[in-house]
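Next come two complexes built around subunit A: one with subunit B, the other with subunit C.
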Partner chain A sequence: MEPILECRGLEKQYGKGVQALRGINLTLSKGRIVGLLGPNGSGKSTLIKLCNGLLTPTAGSLSIQGQPVGPQTKLSVSYLPDRSYLNDWMRVEELVHFFADFYSNFDTAKAYDMLQRLGINPRDRLKALSKGNQEKVQLILVMSRQVPLYLLDEPIGGVDPAARDYILNTILSNYSEDSTILLSTHLIADVEKILDDVIFLKQGEVVLSSPVDQLREEHRMSVDALFREVFKC
Partner chain B sequence: MTWELNEDRPIYAQLIEQIQRRIISGVYQPGERLPSVRDLAAEASVNPNTMQRALSELERSGLVFTQRTNGRYITQDQDRIQEIKRTLARQEVETFLGHMASLGFDRVQTLEILKDITTKEV
Partner chain C sequence: MLSKLLKYEFKATGRAFLPLYGALLALAVINNLLFRIDGAGFPQTHEVSRISTAIGVLLYVLLIMAIFVLTVVVMIQRFYKNLLSEEGYLMFTLPVRTWQLISSKLIASMVWIVLSCAVTFLSIFIMAVNHGFSLSDLPRILETLSREIFQILDLNMAVIFLELFCLGIVGIAEFILVIYASIAVGQLFPHHRYLGAFGAFLAFGAINQVLTTFLTISGSVYITANEIQFTYYAGFFNMAFGLMLLYSLFWVVVCFLLTNYILSRKLNLA
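Here is the complex of A and B:
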């Protein structure tokens, strides 16, 4: 299958001390939903930030559709950060306009459609929304871009279980077979059903990378249970 | 009918089983057109690729067939459906016997209890 993202011998060191990632070799193929799983501080966000060019690797290479990560790949990657960077005084409709202005591959009609289905009033200011709805707005903006690679850092962290299902369904029904989604999360049980593959990160290294159903077959347990075993404290 | 997926088995295998049950119980009628992969996946909240895999397996076993560009249909072959029905029934009974064995009942004892219960109910 056609690779969307490729990492070879990827290393990231912060300052002199912290080695956040070491020797990462990964290939993500087209049309897959991949879960990036690992405990706090295992390097999930660092890996995601390297993939979208917010950080530069200490060593190794990273490419998206064969192009090295850089200004040219920004258009091919839609990134949901683990915290909000949007101006909270803006109305939702202004944010939609802002994104449409910024990204040539932003689909405004799709954004409004999703807002409507998730019951968010475009006239509301971001800061007037609940935390859960703010997260939904962010996700809608990110998923409304038509790109080959979506990087979602903790997309369901701050919302209740019912909204979680809703958000996951939004992701499922809005991604196209040509796109790849890499999403990081601690809430494994919730996302397990929608993942094709999982990657386990432990102290900056990939300890496991496999299709979900293969893991379930081999270990006779859910990915959630396996995670608890691998990362037992 | 809701989609029930449990923890410890591959998801595609469970999807296959649930679709088989729907065909046997008549939720999906013989010759009926199945919803699209995407709709089925959304309904079960699973990855479309996983649903696709389950449907391909069902196709291989002859329960479902594809009409080019027209979608997927349930087989009209009643013999095939009855066959799957019997296979699932056997599986259920095996599971039941396994549970009884873990309670310390052998097959003869289990059969006695079964007879007792069924005669009382009639």
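Here is the complex of A and C:
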């Protein structure tokens, strides 16, 4: 089966000296929820940005559905960045329209449905919303696309535990069986129950990549506990 | 996809320009009326009308300056903020090609510069109407211009105006693209983006100076050495316009390709 995402010897160096990623070899297959786990500064965001073409690799190759990153792969990837990236003067409904205009795989009805369930008024301007609601709008837009690969960078980083559950449920209920989700976070306990696979990233290197079940069997501990052991300071 | 990008580009920039254009045209109408009151010379309103006319003219000049500053600021800001800061995370993950992103910014900026000039001229006409000027004078002015200058020099006014227009449009594109290319070059220095952009802008200016000096001198030497005579002014003008147009086009192409190369092959968003 063709992998959805494949990295071979992927390296990223920022300026002189700062090596964010070194020799990453990774293969993600279809229909998996993969946790990209690691402490701050381990290269999680760098890897995700490389997959989106927002950064250029220093060395190595990266392909999505067998293709190098480009307009075609951008249509098949739905990306949630770790920051606010929407024009905040636009109304929520204008943003929905923007996404529908550019992404042929965007489901407008689904987006409005989720907005309504979260009590967000589509007529509001983005900057009039609270920070938490702005993040939810961003997540709704990203999850309203039907794509083979979702790349979610810290989707639960800045929200309270109640909202965390809602967001995870949104993610779970809005992706199809064939899709793959790569989700980066350091809040492992919260996401552990939904993950199929985990990748541990430490100082720009993959130190562990394995299905969660196998991990639990081998080490006889939860992913959270294992993480604390691997990344002990 | 380019048309969709353009649609959103105009939507994002129009919010800044259209109110100012409206204000300028409205102020031109008000000034026209103020001139009338002032010109009527009622003794009892004399001082007041003098002051209000002066304020009206002052506001008008400030507004024109504001429009042109805004035109340049929006041009730079839309490129830098929308493509190379947080909003770039959205724009560069759209299923579009980099040249389409650059083109949409370029075309929108060109349209706003041309419109800013057009609205300014229109406002001058509005102010001048019925103060020794009416729109019906326009054909007569053009006719006089043609007779007194162009016919004596044996030049076709329409052709010269067309050439000037083309040169203006390409010149605007060159101006914008040199700035885009400078900002793009700045991105190659992740720790000194602004400094890099500024340095690149100065470097482009220096290269431009050297090139124009070299081309002008070698051109004159060529003309003198080959004893080329221009029997018609038209021949000289057409050649000069043609060469300037080619030179500007050269910069347009180089800067566009450079910007496109950096943003598609060397992109590193902070």
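Here is the rule we go by: the second predicted complex is superposed on the first by the 231 of 233 C-alpha atoms of A that agree within 3 Å, B and C clash if a C-alpha of one lies under 4 Å from a C-alpha of the other, contacts with A are read in each partner's own complex, and residues count from 1 in each chain.
Methods note: a residue touches a chain if its C-beta (ideal position, glycine included) is under 8 Å from a C-beta of that chain, and two chains touch if they have at least 3 such contacts.
Note that the coordinates shown come from a computational prediction; the quantities given were computed from them, not determined experimentally.
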Which superposed partner A:85 touches (first subunit B, second subunit C, both, neither): second
First, second, both or neither for A:93, with subunit B first and subunit C second: neither
Partner chain(s) touched by A:31 [first = subunit B, second = subunit C, both, neither]: first
Contacts of A:102 with subunit B and subunit C, given as first, second, both or neither: second
Which superposed partner A:177 touches (first subunit B, second subunit C, both, neither): first
Touching partner for A:168 - first (subunit B), second (subunit C), both, neither: first
Subunit C-contacting residues of subunit A that also contact subunit B: none
Touching residues on subunit C, where the partner in the complex is subunit A: 1, 4, 8, 12, 15, 86-90, 92-97, 190-191, 265-269
Residue ranges of subunit A in contact with subunit C within the complex: 14-15, 49, 52-56, 71-72, 74-75, 77, 79, 81, 83-87, 89, 98, 101-103
Residues of subunit B that touch subunit A when the two form their complex: 5, 7-13, 38, 41-42, 44-50, 53
In the complex, subunit A residues that touch subunit B: 31-33, 165, 168-169, 172-173, 177, 193-196, 212-214, 216-217, 220-222, 224-225
